[in-house]
Amino acid sequence: MTMTQRVLPDHPLLNVRQFRPTEDQYAWTFGGVEPVHSVKPGEILELYTEDCFAGRIRGVEDLPGKSIEFPFINPQTGPFFVEGAEVGDTLAIHLIDVSPARDWAVSTTVSLFGSLSSTRVTASLQEPLPERTWIYRVLEEEQEVLFQALDSDFQMRFPLQPFHGTIGVAPAAFEARNVLVPDAFGGNMDSPEVRAGATLYLGVNVKGALFSLGDGHYTMGEGETCGAAVEGAMNTVLSVEVVKGVFCEWPRLETDEALMVAGSCRPLEDAFRISHAQLVRWISDSLGLSLMDSYQLVSQAARSRIANVVDPNYTIVAKVPKRFLPADVTWMEGAHERLRRLGAEYMRAVGRTPVWAPG
Amino acid sequence: MTMTQRVLPDHPLLNVRQFRPTEDQYAWTFGGVEPVHSVKPGEILELYTEDCFAGRIRGVEDLPGKSIEFPFINPQTGPFFVEGAEVGDTLAIHLIDVSPARDWAVSTTVSLFGSLSSTRVTASLQEPLPERTWIYRVLEEEQEVLFQALDSDFQMRFPLQPFHGTIGVAPAAFEARNVLVPDAFGGNMDSPEVRAGATLYLGVNVKGALFSLGDGHYTMGEGETCGAAVEGAMNTVLSVEVVKGVFCEWPRLETDEALMVAGSCRPLEDAFRISHAQLVRWISDSLGLSLMDSYQLVSQAARSRIANVVDPNYTIVAKVPKRFLPADVTWMEGAHERLRRLGAEYMRAVGRTPVWAPG
Amino acid sequence: MTMTQRVLPDHPLLNVRQFRPTEDQYAWTFGGVEPVHSVKPGEILELYTEDCFAGRIRGVEDLPGKSIEFPFINPQTGPFFVEGAEVGDTLAIHLIDVSPARDWAVSTTVSLFGSLSSTRVTASLQEPLPERTWIYRVLEEEQEVLFQALDSDFQMRFPLQPFHGTIGVAPAAFEARNVLVPDAFGGNMDSPEVRAGATLYLGVNVKGALFSLGDGHYTMGEGETCGAAVEGAMNTVLSVEVVKGVFCEWPRLETDEALMVAGSCRPLEDAFRISHAQLVRWISDSLGLSLMDSYQLVSQAARSRIANVVDPNYTIVAKVPKRFLPADVTWMEGAHERLRRLGAEYMRAVGRTPVWAPG
Amino acid sequence: MTMTQRVLPDHPLLNVRQFRPTEDQYAWTFGGVEPVHSVKPGEILELYTEDCFAGRIRGVEDLPGKSIEFPFINPQTGPFFVEGAEVGDTLAIHLIDVSPARDWAVSTTVSLFGSLSSTRVTASLQEPLPERTWIYRVLEEEQEVLFQALDSDFQMRFPLQPFHGTIGVAPAAFEARNVLVPDAFGGNMDSPEVRAGATLYLGVNVKGALFSLGDGHYTMGEGETCGAAVEGAMNTVLSVEVVKGVFCEWPRLETDEALMVAGSCRPLEDAFRISHAQLVRWISDSLGLSLMDSYQLVSQAARSRIANVVDPNYTIVAKVPKRFLPADVTWMEGAHERLRRLGAEYMRAVGRTPVWAPG
């Protein structure tokens, strides 16, 4: 288990550390796992994450039912112990860069999984849908992925829009949760908003927060309808900060353009209720607006996004563009702004721009 | 009950008819109501629709519980009998222009209504939230509406994005449904996609289709969280066509940029399932893609939109941009393209551009 | 359309009227239909109701998809105009006797219907379950029905427990609702509690109330899992009363042993919430208990029953045995007690006892 | 941590062991906890379980928000390591006796908990319901509990019907779940069927199964509407067996009279679907009935019970009386029958009869 230090020539002040897990180092739960490393706020982490199939589905003949075995699905890189993160604080994770680590990716249907199929819990007596595997090519120059139909010659290109389907901290109440679950601790939210340029705020439930991430998606439709995105390994760069004494009950997201809250629950309307009620209260508290005025503002300004309707909990992200909020307000004690600057400095140092970022 | 003919100078071939209902002419159900007029495919209708409060809430002191009485909420202009529309056909309604008819609009909370409140059916023993009324000014030059908080000086401008919350035909099975209900016949879907430039396809359940519309929204957040948009009277121009021998089971929408299906049900995941399953099948049938390939395409390309999480059924609109579909396919026998051209011709004739249209 | 008077020898004071609809007299909606007859409170009605398949499925080869056509499913006997019933009153319908009218009955699976299948709204891309038809024999002496498996020699006897799946009044808000729908107006609740000896209270939404009934079930498991009970024609005797100036928002039921409220909605937890909140408030209001004390009483004393998890709305019946309530309280102004006595008098006059009644 | 052996005079062959946890020995999760003791199949355990409030609410002034702190709610006695239980087996837990350990019990409302309140996930902006505490007296002779209203002199007696709200094994997939959660591993199902005379079957996910139990209820209405039953400490006697090579995906229950399956999920209809689909398959497999014939049998014979509509997952128990199944079938390899005989022998030895048992 090794995390190495990397020195960027001419940028000696950027504290860059690299970690690529070996096969036995992946985490299969949030909580209940020892940290792979400690990290300090302000350090920059260059991480590798494997795809949700643990890299075992590589051709159209590799079907999930034969190639992977529950619960060894959705390997997570981490968890990382964040120095200074105490119960009741909030961990801010800023994604600086999220880049495909391969020139191909994969999507599948999985038996009794997906929103247009009966499942283990939305149980029926019908025959399951068949398992199928699609392999996508990454067209690097065009920044696209190429969809090749299985039963005809049909092809289509979708834009490369990489993000992390899964990112979270250890849950509260001594729980350890399977990596397919999204909940108050983050986890498998499958929200395209978790991309380069975004800062995710997660309430700290255990000392060190113990965050991990994985489930890279090269692109995905809203809802992750069939149960899988265009899944691929990622090279991801991030940095963290600890917001002391502020506890986010549910995951918040901030970009230069918007504030968001992710709610995860069943039925789907409860995910909607959580995310919007939390956003109403966050704005009300931060602006000093009355609760009813904040309710009205969110009702007319929110651009709500369905993240997934397939996981053990469904996720909706309530989002208010910052242009509908006063310009002079600092959110979450300015963590996003500081991390954003740090990220920009890093990207300049390495001479890259993110593939897909808000704004 | 009068519908008048209007002649546009220099455009004698455009068949324009005007209708503004008197107070006793509004419809309060879809189905079960006699038509106010017959219309011919290709005619252009200039209509007036009253706001969802029947125009009775005009100041912050006018609260819904005192000003309006169920079921006299959400008055509909219509229904119109479409010549040639038979059971089993589909009615295509193209919105040419949707423009605010007033320089103010209104939003409210309504007791036991809205997604962040218990309701008549999501019943609790808690005290209801208070009823409040917000009045918005339309800033015509800026094409914005002005939000004025009730409990502080806070103001904010939202873009003017007018659309119709409610539009539908008579339901099947001899039903008459309250105008607050969205379902397979359309109705109170509250989707911002129902705006100028869009064509709505509704399966015809009774001879003449009997469509009506209302519930103008000057702008709205996704989900209509508090239960009301920025509600206002509208001047709306539309035209219709009948697609013979094709029956849309659920409402479809087409713009120059996208295909969509609206699903309305509870719980919210069923609205998601309806809209996405219908979209998968529509694309599969039209392109000759296998069902599983179409499922995969929709899963990676869909931009799903929450319309409402407050009405008797909740609505989600599944949407695939046309840029992810072959360019040479004609959808719904080309109805949208023909109506779009007719609409463009009308707008040129009157020298206007729509306030808010896709693209 | 004829309703005939019947004189019971030696009981000249019992006002008995008989009605058996002809095939073209059935109602297919609640609301939107002219009454077949007027009835007076205190009259005794002897009615015939056809089974939910309109009598068209008579052998195991008769499959729903071929034998019946939507919306001609679930024919209702009625509606009856009740003299003196005004908007805002409550109609009390007391079932005196509910007896099988045939010595056979039928159950089926229906494509895309039933709780263990995807449906039109809980949409999936899977193949539907097959349609199958089971014919039950009524064993009159044993008061049982005989289940004969289709794919083996397996047989089993279930007790004869006849009740009406569907009974309701015209809805509010000018609506007409399909006869498969349960809602605040009653309708297709599929609750075994609607049996001989029970009084159903329905709020009156239109002058005359316009009640109708049908969908006889010879027996049924809770939930009506596969979508059909053991369906059969019924000979049903009932009488009505009008409770003036009291409006039941949701259907209430009273027997000698229990008070109940039926809630119908989706998701199923909302049916639970409606029925229990209404029952808490009914008991609180009637006993003068505080709302919180009534909440506690219902929480510990309720025996809640799943009625259906298959119809357009799902139904749960919250039930508190009267032995957990003060003995000296009169519910709904004593309507049940009066109707119960009238029913008992009738049953003595005709020399019968009900097949299945509470207690 | 001590488990003591007890010798019943004249019954030296009954292997009786006693365990009463000290305050620091309670478990707060299923999974993730070391076992307190090993037990052998066939041993009889005499256990003490504390009430769900950890014994800290003892008077009407003790409110949950002040007296208890999450996650120290619902302490479990255990977990016990069962010798011979391997992954893929099923653990059979037979409750021999479930008796109140105190002459009083307690119920409360808890802020943002309960089915007639908004909650942390069915979020609203309304004020929470007040927290209240009710103390019940146990009337031992009458075998009743006495409800005393808080806001009036109203009193009512409910029958003493003791059962365990919570009982489960360690979950699969390395998870540790909070003790308020019901799921496939059992847990906080809150089903009154988990009472003396019943055998609970739980699939074994980790070596030794690691079962624990608690949350004694002296009585409860179906649904646990307000979020708490009449909660009390218990003296419970049980024995276990391991059914080798058979894995129950969801909890099964068997009594002398009935077969049951518990499904736990949200929305509530999914709990219904799980439990009924599992029961249909169990009966189909055991009887050699076709799936569709078993579907029909369950549809007409099931008596489904709502267990809870308040916990993180809601629970429904699908139940088919054995009188509707062939008499000569052995279920789960006869585990219930053997454990039932052992339990009867014990009860004769100690000269007791269970307070409340099926049949």
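Some points to look at:
Letters are used for the chains, namely A, B, C and D, taken in the order the chains are written, and counting of residues starts over at 1 for each.
Everything below uses one rule, namely that a residue touches a chain if its C-beta (ideal position, glycine included) is under 8 Å from a C-beta of that chain, and two chains touch if they have at least 3 such contacts.
Because the structure is predicted, anything quoted here is derived from the model rather than measured.
For chain C, the chain whose average C-alpha position is most distant is A. Between A-D and C-D, more contacting C-beta pairs join the chains of C-D. One inter-chain figure worth recording: chain A and chain C are separated by 50 Å, centre to centre, where each centre is the mean of the chain's CA atoms. With centres defined as mean CA coordinates, chain D is found 34 Å away from chain C. For chain B, residues touching at least two other chains, in rising order: 116, 122-125, 129, 266-267, 273, 276-277, 280, 292, 295.
Touching chain A in their complex are the following residues of chain B: 107, 109, 115-116, 129-130, 132, 134, 147, 149-152, 154, 156, 158, 219-230, 266-269, 272-273, 276-277, 280, 287-290, 292-293, 295-306, 309, 314, 316, 324-325. Those residues of chain D whose C-beta lies close enough to touch chain B in the complex are 116-118, 122-129, 267.
By the touch criterion given at the top, residues 28-29, 31-32, 70-71, 120-125, 172-178, 263, 265-267, 270, 273-274, 276-278, 280, 291-292, 295 of chain D touch chain A in their complex.
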